[in-house]
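Shared between the two complexes below is chain A, which has chain B as its partner in the first and chain C in the second.
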Partner chain A sequence: MELIILPFIFALIALLTPKALMRAFTLVAAAASVVLVLIHACYYYGSDHLVQIFQSNSNSFGFSLNFAYDGISLLMLVLVNVTIALIALANFKSPLAEDRKFVSMLFLMQFALIGVFTAFDGLLFYIFWEITLIPVFLIALWFGAAERKKILIKFFIFTFVGSLAMLLALIGIKQWANSFSYIDLVLANLPIDVAFYVMGGFFIAFAIKIPLIPFHTWQPDTYTVAPTAGTMLLSALMLKMALYGMIRWMIPLAPEALSQFQNPIIYLGIIGVVYTAIIAIRLKDMKRVFAYASISHVGLIAAGIIIFNPDTLGGSLIQMFNHSLVAVGLFLAVEVIERRTQLRDLDQLGGIATQAPKFAFWFAVIGFASVSVPFSSGFIGEFILIKGVYDYNWIWGAIAGLSVILGAVYTLRAYQLSMYGTPKGFDFPDLHWSEWLTFAFISGLVLLLGLYPNLILNFINPSLDQINSLVQSTTLLP
Partner chain B sequence: MDALIILFASGILTMFISLLKKPVLSLITASAGLFIAGSLLVLNFDHPLNFIKYEGLIFDSASVLFSLTIVVFTLLLTLSGYAYFSKEKDHTGDYMALMLFSATGALCMVSFSDLFMFFIGLEILSIPVYVLAGTKKKDLRSTEASIKYFFTGAFATGVLLFGIAMIYGATGTFKIAEIEAFINTNDTLPSFLHVGILLMLASFLFKVGAVPFHFWSPDVYEGSPSVMTGYMAAVVKFAGFIAFFKLFSVAFGGASDYWAPILIVVAIASMFLGNLSAIQQTQFKRLIAYSSITHVGYALLAILSFNSLLNVQSLWIYLFSYGFSIVVLLSVSMLIKQEDDSIASLKGLARKYPFIGFVAILALLSMAGIPPLFGFFGKYMVFSRAFGAYPMLVIIAIINSGIGIYYYLRTIIVMLSENDQESMIKTPHVLHYLVLSICAIALMVGGFVFV
Partner chain C sequence: MAIDTLLILILALPLLGAFINGAFGKSMPKKVVGSLATLLVFVSFIFAVTIFFQFHENQRVHLFSILNLEGFQLNARFQIDALSIWMTMIVTGVGSLIHLFSMGYMAHDKGYYKFFTYLNLFIFAMLVLILGSNYFMLFFGWEGVGVCSYLLIGFHYNDAQKGMLNGLAARKAFIMNRIGDLGLLIGLFLLLAEFGTLEYQEIGQSLLTKSVEPTTWMMFGITLMLFIGATGKSAQIPLFTWLPDAMAGPTPVSALIHAATMVTAGIFLVVRSNFLFELAPMTQDIMMYIGLATSLVAAFIAMRQNDIKKVLAYSTVSQLGFIFVALGMGAYTAAMFHVTTHAFFKALLFLGSGSVIHAMSDEQDIRMMGGLKKYIPITHITFLIGTLAIAGFPFLSGFFSKDEILAHAMHHHMGIYIALAFSALLTAVYMFRLYFLTFTGSFRGTEEQAPFA
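Entry: the complex of A and B
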């Protein structure tokens, strides 16, 4: 229980902390939650069983406060707490770090995300899913760029309408289940057409959040106007909720309709991979380049999840972990440049490498991780995913393979245009220790997982097998 | 019964106290009366007192719950309206007494067991509200609101009476239970009864402000003083809906084939018209008026899906959560200095008064149905109960929730944005803080406590 409550308490304390102590408080609190989740991972979670955190009686319409975690949830919890700590560290130097509202919203976001990943009750999942929208919206509204209002309304309405579709799916599936508890919902025997609508409702919610083409139109604008910390939250954590939701809720709840959704989602994912990568190659604004890069990466993950065999699921979870780390790194690189020069336009940047060699080195490391060179975790993840798509349908596998090439093009192009060339005459001090440390942590983790992916796989495989057998037993899949 | 008598007695007492021209004393008497009535309702929750020989009003556990709701909202509005009422020292007590009388009528409306008592309750409820709508005597719009509300309301009452007469003619009784038995036992119903149901339906739709009988509500909501707007939206609507449910789901339930299709059309029209008009509004109270038309559309879903008594619970949760939002928003609207209450004048509210801004945002989000706020649970319960019988209607309602988020969000952004001009917000009274804190707690934990 402390795992969930603690960030909420931090969020309240942050409102009372004096400004001078705010930075230290943020780091200590974020580090404390990382330690806590690691303790859970090492000691409480031993095998493949479900660890119940909290359970209340269910009320008149079958809703109960039911928190638990299995391997997948625990992986996501580690991801949330590590990423929140990295975001806190990355923003250590920014003026945001001593703003009460920002720190409070950061921890509120952590609270909501942990709720999403530990909820084992359909309505509870929906509730936390919606709560995540508020802190990220407020962070973007309070600290975002000048032209943010219209874009943020669009963002909110898009995601809210998506969530309403999920609510409808939940109301629908509840007609066939006794309560909202996970096991009841999974065991509900849906007729094929109901299953289609239930999965469709979840799909709309998740497709908007991930985002899959053509539901992505809110994303590049929102990423651009949000402050970098907000962009990190959005890309590193918020869209993981949707990918996690596909594994945990969408497919096991309505596996009867899986075969109808498999092809469309794979097509949308793969088309998105190529389409957004090509857009990213043409763009001038660095933040937008990485925003499109993010869509490109997650499209492949979504395709890997919907193929739904244990291998690709493992690959997609590794890739989710990797994507979060790399997204924080890339957006931090943008932030580092923007803090010093107030510029993001690739045409106006250049020659930074000579002035800031340390930054050039670490940016390159993160860039390579994003391109997924061997020995980085991205390589393992992307390899498994592309192989999975290839086995499913070799033509689409070949198209998905393009993502590796195109990814290298847009990442290295952004790197080259900003770091090399003639210096454009601005002063560029090298990395602050907090920025340096963030890059180092990210690179270390990426390398570690690249060399020894079993660290994650051993963790999640029992839970994946469980979900897989649940789905296999209720569906006609081969 | 005890609460009813206490409310009425404290209303009379407040009128005499008001002769002393000390607003504080009136406030104390009125709120003490409401408080005692509320506590009696809580204490005797399981064994409510009833009249010994009279059966027109029956207090069972459901009607005690509804009475408690009415008392709570009236108390909150009396407290937050004190700053406004006490501006005219001579009349503070009169206004409060009228509110108490009106609440007495509302209590009758949620516990009646024959049409006769229902009609009397409705009139006791309505007449003080007609008067109170016009209390801003120097403001032409307030007078207009009062007259408009009175004329249209009187007309609707006439229609209602005609409907009751028809039903009496068809069934030969005023009692709800006997009407229900009559409808359930007779295979062919007299056309008299159908006409009567239709007329009553029209007047109910008028009272709750559903399309196409909604034309009065934006003008009346805008012109009336904010506290009365809150009273109309929270208490009058609540009492109206509960009576609506009692009559149509219980008494006329057997004839639902006849009135349900009409109600479906009305519900869909209310949702869309309310939402699409609300998007255009620039005045805060008109926005609330149109959004409340939409909420009427949602609440009608609960009346349509009456297959079990649980529906009255979902309707209650829905209106209870909605009432708290209304109390908050109208209390905020009382704080606007300007006479025309444009949404733009709320600019910078959350920056100048963070607590009030926070509660106002909670209220708006709760109305929009964002979990974990109370409003979400109300909406969820109504929608999920209606889903079995009317899936398409629920889908339309959910689409409308999606439309509605736009204007709520726009208002929230106005409240959060920085104000570069002179602030339009008055300094809040200490009672405002009290009321808003109670509402904030209710909005945040209500969904987990009451459901």
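Entry: the complex of A and C
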């Protein structure tokens, strides 16, 4: 229970903490939640059962407070707490870090995300899913760039439409189940056309959040106007809810319709991979480049999930973890440059490597991790995923493979235009220790998972097998 | 020491050097940085030689399993056999010599410690590529050397005039290599789908015992994809244009990576997979014709180049084409022989060109040189030896290795033989053009450029 409640308490304490202590408080609190989740992880490691956190009786409406975790959920909890800590550390120097509204919202976000990943009740999942919108929206609204209002309305409408579709799907499936509890929903035997609508509803919600093209138009704008801390939350954590949702909810709830959705989602995912990568090659705004890069990476993950075999699911989860780490790193690099120069335009930047060699080194490491070179977790993730798509359909696999080339093009371009050449006349102090530490932590984790991805796989495999057999038993998949 | 311990040490020492220099090199004196890096690679070389004289049979060393999936397993596992240990000796041998040369060549460079970090890292990645016992380890090293190559080509990224251009050259090399990598990656997927493993030994076994009998088209697909990977790294048509641009890097880098070691990775891949290529005669033909075309085209381009390093770069491309013809004919031993001799004489030529460029205060245009044998007599002698070797002068190494390939070609097809002999002739022509323009005649540069004896 403490896993869920603690961030909420932190969010409340943050409102009362004096400014002078705010930075220290944030770090300590974030670190405490990392330690807490790691303790849970150590106890859980290697087992395959569902750990109940809290369960209430269901009311007449079929709703119950049912929190639990299995391997997949616990992995996501580790991801949330680690990423929140990284974001807190990354923004240590930013003026945001002593703003109590910001810190409070950060922990509220953590609370909501943990709720999403541990909810084992349909409505509960939906409620927490909606709560996550509040902190992100408020952070962008309070601290975002000047032209944010219009863009945030677009963001809100998009996600709200998605949520509505998901709510309708949940209500739809409730007609065939006794309650909203996860087991009941999974065991509900849906006629094929109902399954189609249920999965469709979830799909719209998740496709907008991930985002898959053509549902992605809100994303680059929102990423650009949000303060970088908000962008990190959006890309590193919020979109993982949707990918997790696909594994946990969308497919097990309506596996009857899986074969109908498989092809479209793979096509959208892979087209998105190539299309957004090509766009990223031509952009001038660094933050936008990485925003599109983010869409490009997650398209492949979505494709891997919907193929739905144990290997690609494992690959997807590794790649989800990797994507969060790399996204925080890349956006931190943008933030580091922006804090010092107020610039993000690649044409106006240049020569930073000479002025700030430490930053140049760590940015290069993160950049190569994003290009998924060997020894980085992205390499393992991409290898498994592209192979999965390739085994499913070799032409689409080859197209997905183009991301190997295109990713190198846009990442190296952004890196070289900003870092290489001669200094452009602005002052550029090298990394602050907090920034340095963030980069170092991220790189260490990326390297660890790149050399020993079994660490994640051992964790999730039993749970993946359970979900997989659950789905296979209700479908006619090979 | 037991062979497996030695093997681990061969791999670990360069990595250790990269780590020490990368982490603490900034505060260490330059002499220590350079000597440490050189020494570690040299010790690796000694160990490789030790293994070479000790080992009797193929041996595999299992480190740990990287990935356990239902569909396949990927292991960090290394293999010692004649081919891998031979390549290890080339890489660490030429590598340690070039490290030694760099200690003097880079003495005035600000990024001294970074340079040696990258070089050691490169040696490590190259050794992973060579010593791995499966295609996955090969791919690991394959991408790793790509990254190091990128870092080293763009080493002078902050140069006032050429900084951005160096960066562009580095990027071009990385991206063109990645295009080849995609081919290789698809080749790996095909192998996994067909054989269920990426271990060389298991794949060979299942082909030998006919427990897996792939169709001709499957073999064609697999080998073609592997060959596409090889064209990227080994600079064959159509992916060869990055290599001349890669000369933007410091000269020892050109000698080590873009002449002696990394560009032979593609050849290594084909030799390693010879049992696959033997089953795909169509790919072998394609390989032979592409090699031949590359050899001729690059030789013609080299005739008209005026940059001393570009001539050598195109000559490398041409020689690699030569080797691919040998591979296409199935003459793997001859190919490896030429790889070995080429590694040594091309490294010699590149290091000589580095000495020339330093003597000319960074002038690389051979039209501005001439008569240099008066000023740099030692370089002159070594360069002449290198030139004679690459031209195939009798009793120098190039003569024997080229001769072997040509002899194979004569047995294979007369037309190929004639074309190949013509390409060998062109080699002599452009190399001696380079030699005469640089070292003989009278000096044509400006007064400030005139080197002091």
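As a convention for this text, the second predicted complex is superposed on the first by the 475 of 478 C-alpha atoms of A that agree within 3 Å, B and C clash if a C-alpha of one lies under 4 Å from a C-alpha of the other, contacts with A are read in each partner's own complex, and residues count from 1 in each chain.
In this text, contacts are C-beta pairs under 8 Å (C-beta built on N, C-alpha and C of every residue); 3 or more make two chains touch, one makes a residue touch a chain.
It should be emphasised that the depicted structure is a prediction, and the values quoted were computed from it without experimental measurement.
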Comparing the two partners chain B and chain C, which touches a greater set of residues in chain A: C
Complex interface listing, chain C residues touching chain A: 64-72, 139-141, 143-144, 146-147, 150-151, 154, 157-158, 160, 163-164, 166-168, 170-171, 174-175, 178-179, 181-182, 185-186, 189, 192-193
Chain C-facing residues of chain A, complex: 309-311, 314, 351, 353-354, 364, 368, 373-375, 379-380, 383-384, 386-387, 390-391, 397-398, 401-402, 404-405, 408-409, 412-413, 416, 419-422, 451-454, 457
Chain A to chain B touching residues, read off their complex: 59-61, 63, 123, 126-127, 130-131, 133-134, 138, 141-142, 149, 152-153, 156-157, 160-161, 164-165, 167-168, 171-172, 174-175
Touch list for chain B against partner chain A, complex: 310, 313, 365, 370-372, 376, 380-381, 383-384, 387-388, 391, 394-395, 398-399, 401-402, 405-406, 409-410, 413, 416-417, 451
